[in-house]
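The structure is given below, and queries will be raised subsequently.
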Amino acid sequence: MRYRLKLIALPIVALLAVSAGFVYVHWSKGGTGAGLYSRHWSPDPVQGYWDPENFYQSTEIVEGIFEAELCVQCHEGITPGIVADWRASRHALNIDPVSCNDCHGSDHQQLRLPTPEVCGKCHGKQHGEFQDEARYGFPSHVLAMERALDAPHFADKPKAEVQSCVQCHSVATKCDSCHTRHRFDAAEARRPEACVTCHSGPPHPDDETYFASAHGQLYRAEGSDWDWSKPLIKGNYKAPTCAYCHMDGGRHQVAHKSLWKFGLREINPHTSKNQVLRKRWIKLCSDCHEESKAAQWLTDLDQERKQAWKKLYKAEAVLKDLRSEELLRPAADERPPYPMGSLWQRERIGFFEGQASAFYNVSAIERDYFEMWYFENLGAYKSAAHGSMAGIKSGHDKMAASLDRIETKAKELRNLFEAEQKGEIAPAPSELWMKGAYTDYNRDHN
Amino acid sequence: MRYRLKLIALPIVALLAVSAGFVYVHWSKGGTGAGLYSRHWSPDPVQGYWDPENFYQSTEIVEGIFEAELCVQCHEGITPGIVADWRASRHALNIDPVSCNDCHGSDHQQLRLPTPEVCGKCHGKQHGEFQDEARYGFPSHVLAMERALDAPHFADKPKAEVQSCVQCHSVATKCDSCHTRHRFDAAEARRPEACVTCHSGPPHPDDETYFASAHGQLYRAEGSDWDWSKPLIKGNYKAPTCAYCHMDGGRHQVAHKSLWKFGLREINPHTSKNQVLRKRWIKLCSDCHEESKAAQWLTDLDQERKQAWKKLYKAEAVLKDLRSEELLRPAADERPPYPMGSLWQRERIGFFEGQASAFYNVSAIERDYFEMWYFENLGAYKSAAHGSMAGIKSGHDKMAASLDRIETKAKELRNLFEAEQKGEIAPAPSELWMKGAYTDYNRDHN
Amino acid sequence: MRYRLKLIALPIVALLAVSAGFVYVHWSKGGTGAGLYSRHWSPDPVQGYWDPENFYQSTEIVEGIFEAELCVQCHEGITPGIVADWRASRHALNIDPVSCNDCHGSDHQQLRLPTPEVCGKCHGKQHGEFQDEARYGFPSHVLAMERALDAPHFADKPKAEVQSCVQCHSVATKCDSCHTRHRFDAAEARRPEACVTCHSGPPHPDDETYFASAHGQLYRAEGSDWDWSKPLIKGNYKAPTCAYCHMDGGRHQVAHKSLWKFGLREINPHTSKNQVLRKRWIKLCSDCHEESKAAQWLTDLDQERKQAWKKLYKAEAVLKDLRSEELLRPAADERPPYPMGSLWQRERIGFFEGQASAFYNVSAIERDYFEMWYFENLGAYKSAAHGSMAGIKSGHDKMAASLDRIETKAKELRNLFEAEQKGEIAPAPSELWMKGAYTDYNRDHN
């Protein structure tokens, strides 16, 4: 039955999508953008550095075909820093060195920025593991750029702001997010700084929560004396870092042990699949701790999650009631539409309905819930997972305050509606909402 | 007269306490919790690690009696990191080494986690000083666990959240909060990271305020090159750290110079007792600075405190007026009771009435004052004490904003009451408040 | 025409200023304060350390004339740390050492704290460049103290709070803000910690935004291994620091490349002057990056600024409308006056009208705009300039929320006014506002 429904639904969805003009567009150098909403944005030049495969264009200021020695000779004067980095790298020190033109090409008018595929030619294991993460879906590194471009708010917001998201999402489309050029050092990428350049702030305060933990403080105090050339295995490090736990043994597949879907949705800790993931964590933690202690920590984390989801579900229920009573103002059809919004506008509440895209152009109470779920809940989760005690407390304090606020606002909305019904107050005119902060000058900047 | 009052009051209090069922319960392994509210909570397994004397139970996975060499031989493979740490420690390098079984025992089915008493057998001076701090009352390290367990909100909140408090409060019941296992290095504990793992975030932003200071920034820039094996005395360090000032000379008695009671209450800077404490600070600061400058800094701090308490007292007066006019909503008897609440519920406003416990289940305006006093005031204080200029400014800005908010809310409460009196508005039903965010699912999780 | 207006305006302004009693007062040791509002404050003793030229008085505890060896001999015991620092300094290691009395004088009753002029005797180039920055106006290091003392709120706020501003502003009046005593190491001042002691928090989150960038994280991870004795030029450092970019080549003139006036006001990126500054940046960035990439980053920053100013101008327009309709409550003449306020009180909205001083005693909606402009906008700017992706996003999110709040409050103010006109509500009594949090106890503390 279910399968038959799909058989029917798929062509209908496709038909609607095509008729509405939303077709996944292959990326092209120059010209329009990329992804589902490619018609709605055009790439900024900087996109060439973040997504070189699709958008990089060589600057063409020098003409000629050059081999390694000549590159180095000239760039020694122009950009000595990167030459020095390369000289200190394994690429240069190899018996058969990996030289400038091996990665960038030789024709200076056609230089390329290396994509993951270029690096993968030699580093096949790492590249394969990185690609393999796609099967866990999003969030994952490998899907980071694609999913950003497929989000309606990518095309709907001023480029100047969206770029603040995309720079980090470029982790999918180039390797130097973690292995900075031109040393490309594994030792560097093992340190937490390689990760927290992106993994900080809401909704993923990995930086703040790790460094607030005993693990993080040990790193802060003593990390500069550790031998970072050692692989990430048992006995080599006094305290774990991002990579030690999430990329244990050097595995380039970060979602491999993801138990709670990063706090984004409730999971059932009693499934056999969950037990498999759990055992991976316990094995890892017992590099230093008793197995039983590791298991208890995970149970404590389950408990924290249970409390968090109780609060979230209460808030979500309030919003869904308001929606069914048509009390959300502005309603979806009174809001500035997303590019995809013209077909079917609907208030989307909660993870499964896709609220991840509902950053903008929603009513105040929906935004409150969004922040509760996406910022406060994830902050509490990361705190519990990484061992930031103050973060757990403040996260749950904030969630309790948000729940209160949402309940108060819901009551006000009902009172307002009642007053409107009695004719005491005139309803706010719809067009009011159509002129939100993001509405007037968006499209022409994308 | 006063003494006779005590003679009468004590048995009455005892009688009331017993009849209400609140008797201080001796702690027991397994079974119920500990402290005044032991009946209301049961220990989570992780409590065994935070309070080993009372709750740790050996995991019993291995049978047998082992001496040091055998322990090391086996754990070299299982947990090589902690073995490496121990090998690098003074415990191992001693002529007469302190081995695994000296601290943990030999019977693997009866292993213990070392308590402060175990460490104190050799480190009697440090342990004695640590214990001695009790005479300064709370806040102090040695009373941290006991006083947490004696706080009503310990039993009243979901365990998952309370644990975020207790993990740090375990500084009272084990030594590895500062001297991490298994190197137990004095050098490590001298560095600020040993402290700020706990001392960060509201209400004790020691981390943020120290690192915002010139002292802290000097440590950040150059601390990794300092010789941390040197004792904490004059001439050994270019800039002071937490321990240099608060544990000068290695003294394990942190409250020894506490001038302003950590900002929690107003003190009189002109008492002779205060002058004694003040001289201790000036002596310490003059390890590097002119005495007269040190004295001036302390006077500046007095001034900052005076401004802070002016703001706090204004806010407190607003609240006490509201209480005497019975305008606080919900009133104490309309709130979900604390475990101790059944006997005598009363709005507690300000430090001396015990507001430290009033985190939850209070009215909005009481919570505002609590946050002003406990978070914003203490943030301003720590900023002034540690030298974070931006923190003083933002702390006082926040306090001014809170005072405004409290005055506005008080006005609204009076208007609301008037409207209720005139019959314009029906009073909110009491039961509304009994279903707060923390009320429904607390007890069964404790 | 314009010039003639000036000819007329200048003497009028002077006449008004003199008749109102505000004349720039020369600073004097002891006695009254300094600057335009010198009559309204008296210096705290600590001011002697922050502005030694004008306020330092030797402590006079020791009598006698001493040369270098005797100074060191005695201070070796009293303050060994600073002696050790000096011994390790270039001052001591010079063939012709710079000794204690060279900077402090020899008469212990008349010791001086060295001013920039004292340091400038040997370090003429650096001192000259530092002084030269004055031609760029404020913000600049060299004018930091003077302009603080010329701000009305300096005299209007409790000293205890104002000092949190002045400590950093003392960068103008002594050199050890960056080169800490007594090593006075260039290497130390090259590290970001030398700067972020002051440059952190709103309104100048340089600390937070730099360390959130890839540049900052590289420094965090590896900076302790870099050779900081090297000058700040191409090829010497793997990642740039504050000083590398803003004081390139060691230039003590930080505003030399200031493109966007630190985000404080909108600039026109198309002027020839701006193109000159832009080329300085591109030249600097191309020490490591492609020129074309550097130029694109600057264009991206222009775009971010454009979005920011659109939001700011919208908010400013709302406030100016309210002002022209006389709907701001409290109005300027209902507020506690600034010292300069007696002559001409007026709501000052926006940068050009001088809102930088409007921290206090303004209406809620004016304060909202002030925070939007001074904290959120500058936070977004610094994030964009320093490469903190999360900061751009959160800055613009906050600005959008502020704009919403301002629009909502404006509507409420209009409704309130209408209700007052209809006689439904009595206007708030003016004296209410005259008792703000800062009004009652200011003057006697200054």
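Letters A, B and C mark the chains as written, and numbering starts fresh at 1 in each.
The working rule: a contact is a pair of C-beta atoms (placed from the backbone, for glycine too) under 8 Å apart; a residue touches a chain by one contact, two chains touch by 3 or more.
Only a predicted model underlies this, so the values are computations on that prediction, with no experimental measurement involved.
**Q** Considering subunit A as a copy of subunit B, what rotation angle in degrees (nearest 5) results from a C-alpha superposition of the former onto the latter?
**A** 120
**Q** Copies subunit A, subunit C: same or different interface, half of numbers shared as the threshold?
**A** Different, since under half the interface numbering is common to both chains.
**Q** How many angstrom lie between the centres of subunit A and subunit C, each centre taken as the mean Cα position?
**A** Averaging C-alpha atoms per chain gives centres 36 Å apart.
**Q** List, in ascending order, every residue of subunit B touching at least 2 other chains.
**A** Answer for subunit B, listing residues that touch two or more other chains: 224.
**Q** Enumerate the contact residues on subunit C facing subunit A in the complex.
**A** Where subunit C meets subunit A, its residues are 212-214, 217-218, 220-222, 224-225, 234-238, 286-293, 296-297, 299-300, 303-304, 306-307, 310-311, 314, 383-384, 389-394, 396, 400, 403-404.
**Q** Sort out for me which residues of subunit C touch subunit B in the complex.
**A** Residues in contact with subunit B: 44-46, 49, 59, 78-82, 84-85, 158-161, 163-165, 167-168, 180, 183, 188, 191, 193-194, 196-198, 200-202, 224, 437-438, 441, 445.
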